[in-house]
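What follows is chain A paired twice: with chain B in the first complex and chain C in the second.
Let's look at the complex of A and B:
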């Protein structure tokens, strides 16, 4: 059993490496376009960070989070949103509606590999992945200003919460994208998932209370990927959050799989 | 190997009338239509068979093929392929089948075909030595040597199709589904592709199921024909049986040395088409010997040819009669 799981992970990892390599090759085929995209990404990042930097510095304190804590959160959320954009959204989830309605999904379904792996991760967008690197610089600035250097356990804990949180937001984006199977010819649905994550992952989790807390901690648990990760990095592991993040990631992946099984039955394979 | 029982596929579509008011009405009261693409068909296919799946546009051929390889879920009925239920899309099942679609690509357009092959190698778990050997073999047969490293987007349709075919055969599938593989190809490439499909079947005993609008494909490749029209199966037998059942005449074509008189032509006692030096007669297969002897006595013949009814004509006749 364990051997088979290890082999599957190895196999998917090897395939993913090839897909990454091919994505780079494709980008290099049109390298002028690639350079323009990288430059635009850097300019966008600079504008975004300047804007938010000013807001954070002026705000002073949000729901108990001081300026430096907010800078760390901003750094982690930069990594989240850039990785989400680069790994899942730009060439993958946004392309899904077109693939469904043109019948391009046929060949994906014929491959002995989970179709969602191919559809949601098959074509990374590198300018955004490069953009994610700025997040590490911002985190470092925030931690230096806090005069705090996280221990190894905090880093492992933060990495675990981040990975779980990322799987959760991956699932949310995927589920919204899969709604395309149920509605005619729309590219809006994948964007709802994106907007939800982009809009709420950057907020400190303590601003949510009551009904909103239930939503963002359990129903659409977006707070884990950036906010809880940021807190774990700064204050060490809180087992309650760590376990919740891992369990919710497993539940959301399971729901995504169920949703996929229902959605794919509606595929009509257009185009002959 | 393949067992299909009472297979049906229906699609639910919305029917929209023209105009703004109809469009608005459709928002709160949409009208749905159920289209039956495949209706209660049953058949069995054994290992190594080469099947020609024919029918007019919209007959349900491609839909049936897509249910056989697990792309589409059947509405009702059952499909068993290699002991698997195709719609489960188990990896073990998918590794044993392949599909080439004339109108859709599996190759990555921005990269050379060899890169798509490499991705297939990893996806299908083919060993490096086997992969190298298979690519060499396919490359020799299809003449791919010079095109494997060129960007797929820049290949001609024929070159791309040959690479699509090679990509589909890398993992040596037990069943090969071909959905109009020769569409848009020139005659020479069509012929080469057919030849390779036949050779491949002989060498690996691969089951081949082919849909095509070109009857030459069917005639040259298939040894069994399944005809489907309006979603229903209307014929399932050998090509010879098809010709015997539907070909009610043979064509007798004669090249004459001199123009016959009106009187001589009347003596033929048959319908004919005459444009000197050629005269064509359609004769019942049972009377062909007698008619030939009779015609040779009457006319000064330079050359003679007896042809079976063209498969395209037979197919047209069947489809028209089914309407």
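Let's look at the complex of A and C:
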């Protein structure tokens, strides 16, 4: 059993490496376009940082988070949003409605790998993956300004929460994208999922209270990927967050798989 | 005078007859009205997409409101209370859809794939066609949004226990929203014309959108920027797309600002028309009709 699981993971890892290689080759074919795409990603990040900069300039802090704490959070969120954009969104989830309408999904279903893997991760967008690197620089600036260097346990804890949080936001984007099987008069459903993540993952989790806390900690648990990761990195592991992040990631992956099985039954292969 | 306008509008068909270039007669206006009507009606076919886009913008704006809610703490920043800021963000969505245009997507593709030729043989000025098309789409959006925003305006007035808008502020906001739409169309028209020289102009559209969102007042009221930045932003055309209509609507600006804003808007409209004309004249010489 364990051997079979390990073999499957190895197989998918090999396939993913090949997909990344082809993605890089394809993106670099038009290298001028590639550079422009990287510049656009950096401009988006600059706009994002300016937005928070102006708020901080006026208010001094956001819900008790000072400038340096926010810099660490924004660094982690830069990595989140760029990886999400590059690995899942641009060439994958956004293309799903067109594939359903045209009947192109047939080709995906015929391949000997899980169709969801192929659909949601099949074509990485490399400029965004490069754009994620600036996130590490922003985190480093924040930590240096805080004069704090996290220990190994904090880094492992933060990496675990981030990975779990990333699986959660992957699931949220995927579920919203799969809704296209049910509502085929719009191509905007994948964008609703991504907008939810982009808009709320960068907010400090302490701003969510009451009803919003239930939503963003349990129903659409977007806070783990950036905000809780940032706190774990700065203040060390909080086991309640660590455990809930891992459990929620497993639950959300399970729901996504279940939702796929229901959604694919709606596919007619006829297009339209 | 007619020649001057012909040059400014950049119509390639100097020999076609002036009614095709300048809509100076009722008959020549009919064809633009037809474009407007067709685009208004065809927008209904994409109603699902429109509702989705409104939801996407609503999510984004909710996240802005949420962050300000926890930052104000009963304070006032640059004359804005928390309530003012919330109303600003709620109505920024309305102004976004009033001044939205898809000129780059539409026109640059035509230049790239050669379908611009179809536009050139028709007795219509491309710029006017674009304006009519954008107005048609805008009317569709407004019909969808107006009932919702009327209800929001009534609720806001009841909560605030005072009228947030006046007849005059609404009128000025609508005038400046229309000016904002024209400026946005002209900006995108100029960017589209760069497709005569470049393979892709979508990247430039992204640049424009990033700058307009941030420095035009969609993401954040311009009053919150530091004074040095504000002095520069105040003379750029981007603020007419979001900030100026909203400031008039929320009565952050009065008739005292009117002459300056109108003059500046007029200067930008003329400047952009001249740039568009130069770009069109130079670009059309490079156009190869089979795709650029």
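Criterion: the second predicted complex is superposed on the first by the 262 of 272 C-alpha atoms of A that agree within 3 Å, B and C clash if a C-alpha of one lies under 4 Å from a C-alpha of the other, contacts with A are read in each partner's own complex, and residues count from 1 in each chain.
Criterion: a contact is a pair of C-beta atoms (placed from the backbone, for glycine too) under 8 Å apart; a residue touches a chain by one contact, two chains touch by 3 or more.
Since this is a predicted model, take the numbers as computed values, not measurements.
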Kindly say whether there is room for both chain B and chain C on chain A in the superposition, answering fit or clash. fit
With both complexes overlaid on chain A, does A:11 touch chain B (first), chain C (second), both or neither? first
Would you sort A:107 into first (chain B), second (chain C), both or neither based on which partner it touches? first
Just checking: does A:203 make contact with chain B only, chain C only, both, or neither of them? Give me first, second, both or neither. second
Looking at the overlay, does A:22 come into contact with chain B only (first), chain C only (second), both, or neither? first
Just chain B (first), just chain C (second), both, or neither: which does A:188 touch? second
Going by the touch definition up top, name the partner, chain B or chain C, that contacts more of chain A. C
Angular separation of chain B and chain C about chain A, which is computed from CA centres of the superposed model and rounded to the nearest 10 °: 90
Examine A:55 and indicate which partner it touches, taking first as chain B and second as chain C; both and neither are also allowed. second
Upon superposition of the two complexes, what minimum C-alpha distance (Å) separates chain B from chain C? 8
Find the residues of chain A that appear in the contact set with chain B and again in the contact set with chain C. none
Partner chain C, residues of chain A touching it in the complex: 33, 36-37, 39-40, 43-44, 47, 50-51, 54-55, 57-59, 61-63, 183, 185-189, 191-192, 195-196, 198-200, 203, 206-207, 212
Residue numbers on chain A that touch chain B, as the complex places them: 11, 14-15, 18-19, 22, 25-26, 29-30, 103-107, 109-113, 184, 264-265, 267-269, 271-272
Please name which positions on chain B make contact with chain A in the complex. 11, 14, 62, 66, 69-73, 89, 91-92, 94-95, 97-99, 101, 103-106, 108, 110-111, 115, 118-119, 122-125, 151, 179-180
Chain A-touching residues of chain C, taken from the complex the two chains share: 47-49, 51-53, 55-56, 59-60, 62-63, 66-72, 75, 77-78, 199-200, 203, 206-207, 210, 213-214, 219-220, 224-226
